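Both of the next two complexes hold subunit A, though its partner changes from subunit B to subunit C.
This part shows the complex of A and B:
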């Protein structure tokens, strides 16, 4: 039995249930780092170059916090999780592509890194062979890995179903993995609905976005994110663009934003963007322009290690006030 | 139609010929200046990279000059450059400019779209398929000849006895190439250009330092974007060679991929290729 470390960021928010199930089915122990904290951020900032985007810094912090606690670090190379994207080549931001190399070169004392290449567009059986490869690094047979893969897939499907019902990832994981009861929430009939789009590691990490979702929840606002939409819906939006971007998470944010812009029941769009993020320079301007064309209020919140809670709160409050005013006037 | 394109080094000479001989009017993009960059900075997103901003500025300038269509290339990522044209279009529209950016994606990626655009350009210019192919061929030769002459100039510049000779001669050679209209004339201009470069008084006893220039394609190719680094180094007595020439780039990337070698050299430093912006080529070619 090995202890496998999974950093609590980046792909975690969409794929943790899959890999947790997989590793546990193989009889290993999964150690996940704690949600982002000040210490984790500081650890990350120490280890990374100054102009890296904040999610990459945080990722390094999570890895650093796991180093002494695990036998393997799970840091797969995400190349594509689409069977066929735009031009069949949709991939991830360059920083994702180079991540295992960065980690290896930064942490010379790290335990072995499982940096299996995940490139699902290569074929239908790809996920299974990836699982077999990951399993073999941990000493598991192909049969074991295949069975574990099957189980993990089931859990992943249930997880996606929960997200589609409007559950946020942390809660969906609690329900699925720990048998928690779904919390019931009441929304006032005349309450606002806001779509929050952006990278999962930006919108679901309350530390980096200084509790943005909670601020909205406290105002009894109904929150929608791109992860509540099915691939079918997202792909439909893709067809309306002259061309899609090349980065999976960016595209999801863009498609999600475009979808919600056209919905009458959505009062406004918030885009959470990472400071110094290469792709976001495009994503943000595109969404801003489209929102204006669709006459939908749009707020862009840029986050970095110096983002202060009060600053974000002020902007959110002003935005929400404006939405309420707009609704009352209508 | 009034057609323009991004300015990348001296390639505009060949592209101008192409546009004019396809039966369109060419708006030659001005060399990027302080104003170009200022315009770009003003209207591009803050975190867009410098090439995006310079191009944005250039597009606004050619729009002022009356361009209706800007031809450029697309790309498949993961670098942002392949998405530039979409964003540039959005931004130009927002500014109410009557100009459209039309991008050619790699034929490898979307053959149909590629042909559709090619035919559209050809038909609107009123050329027959045969003439069109002839024009393309000549443009290609012109592009290669321009690169040849420029390449040689970087070898000669560090040896020149009178500072500035090479750059002046290079321009003369480029003017000859500019005037050439047939394959024969291009070949002649190329030879003449090289001959003129050879006859520059020079000091062969110098043993110039050799520096390789690598980096992101646009910054490497457009002298105004890299502060004329090759000319500057040359006049300081340094021989430069750069990793990217437009004709070599298109030769490699359009139809087949001959870059396997470069990837393998970069592998010890970076496991995933490509990461975009010529990152891999840059690492690999430094090693080579």
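This part shows the complex of A and C:
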């Protein structure tokens, strides 16, 4: 049995249930880092090359916090999760592509890194072969890995189903992996609905976005994110743009934003952007232009290591006030 | 007479106003926060009370600004509102139908876009100093010209010098350079005003649709040179409201008035705030590795509020 470390950020928010199930089915123990804390952020900022975006720095912090606790670090090279034959050819942003190398160079004392390349475009059976490769590094047979992969896929499907129903990732994981009961939420009939789009590691990490979703939840606002939409819906939006923008997570945010802009029941769009993210400069501008075209209120919140809670709160409060006044007028 | 109190506490200035039922300003105070918000609010409220001479009874009170929560604990506010909404409310009262609000204060600047009386878009800059009053303050003192005179110098300029205004540091070195080249001071100052306006438009105003009427408010609106520079840049005539420096506080007072119309009664603790002892202290929570700096707020030794915790663990249910 090996202890496999999974950092609590980046792809974690979409794929943790899959990999946790997979590793456990093989008889290994999964160690996940704690949600981002100040200590993790500080560690990350200290360790990472200076010009990295803040999410990559945070990833380094999570890795640093796991180093002494695991036998393997799970840091796959995420290239594409587009299925073979699926629409779209984009890959993950270059920083994801080089992540295992960054980690290896930064942490010379790190345990062995499982850096399997994940590129599902390659073929129908690609996910299975990836699982077999990962399993073999841990001493598991192909048969074992294939069985574990099957099980993990099932869990992943259930996970996606929960997200599509409007459950947020942390809660969906609790329900799926720990048998928690879904919380019942009451929304006032005349309450607001806001779509929050952005990278999963920006919108679902309450430390780095200073509790943005919580601020909205306290106002009894119904929150939608791009991850509640099926691939089919997102792909439809993709076709409306003259050109795809290459990076997978960026595109999801764009397509999700475009979709919600056209929905009458959505009062406004919030885009959470990561400081020093190259792709985001474009994503944000595109969303802003489109939002104006659709006459949908739009707020962009940029997060970095110094983001102050009060600045974000002021913007959110003002945005919510604005939506309420707008609604009262209508 | 009934009055409505508005308090706007920011990092640079603390503004206090009292308005009557018609929204007219009965008293106004523009004070430096100087890192001592509690004392400044206490003193300021006391002075306002003295000026009003017992003739006004506060029916409702509101706070705004980055320290709005702290301010509300001190005075006992009925409404606590963010500064965007407060500024928009105040500007709409002065110029009904206003469609653009330019607000430049000591430490930050904002733009608010309204259509049909409703805020439709806004942006704030709290990072870059080149678009705020402290930048002008600095340059004024570098040039040994009182800031109050700045505008007059600018107005005398016939030929403003182009100064790189991208950021405060560049602007300063470029200005020194232009001085050394022998440009006259009026043209340099006018150039600075134009640089600040360009900077504001490129940062805060980026991508915003600026339509008339335009209101220019915040402490910096006192500067006639900037007013002129905005007029020139926008090719319009911006309106500077009479109480331009305290518009946030007026907005808070108007919101307090609105709240009073719905629900009578106030939490306001009275003008004698000086007699109450407010203390804050802070500690580092060891509950998890976030190590939050938790602030505690005491009134006469009684714990009234806590904030600064990321998880809500230290939150007090205050009535």
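The criterion applied here is as follows: the second predicted complex is superposed on the first by the 325 of 330 C-alpha atoms of A that agree within 3 Å, B and C clash if a C-alpha of one lies under 4 Å from a C-alpha of the other, contacts with A are read in each partner's own complex, and residues count from 1 in each chain.
One rule holds in what follows: contacts are C-beta pairs under 8 Å (C-beta built on N, C-alpha and C of every residue); 3 or more make two chains touch, one makes a residue touch a chain.
All values reported here derive from a predicted model rather than from experimental measurement.
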Touching A:161, do we find subunit B (first), subunit C (second), both, or neither? neither
Based on the superposed arrangement, let me know which partner A:280 touches: subunit B (first), subunit C (second), both, or neither? first
Using the superposition on chain A described above, determine whether A:325 touches subunit B (first), subunit C (second), both, or neither. second
Contacts of A:1 with subunit B and subunit C, given as first, second, both or neither: neither
Count the residues of subunit A touched by subunit B and by subunit C, then name the partner with the higher count. B
Using the superposition described at the top, list the residues of subunit A that contact subunit B and also contact subunit C. none
Which residues of subunit A touch subunit B in the complex? 77, 79, 87, 89-94, 97-98, 100-101, 115, 117, 241-243, 245-247, 276-282, 284-286, 289
List the residues on subunit B that touch subunit A in their complex, please. 45-49, 52, 74, 76-80, 82-83, 86-87, 89-91, 94, 105, 109-110, 269-272, 275-277, 279
Within their complex, state which residues of subunit C touch subunit A. 66, 81-85, 116-122, 124, 126, 207, 288-292, 310
So in the complex, which bits of subunit A are touching subunit C? 34, 37-40, 206-207, 211, 288, 297-298, 310-311, 313-315, 317-318, 321-322, 325-326, 329
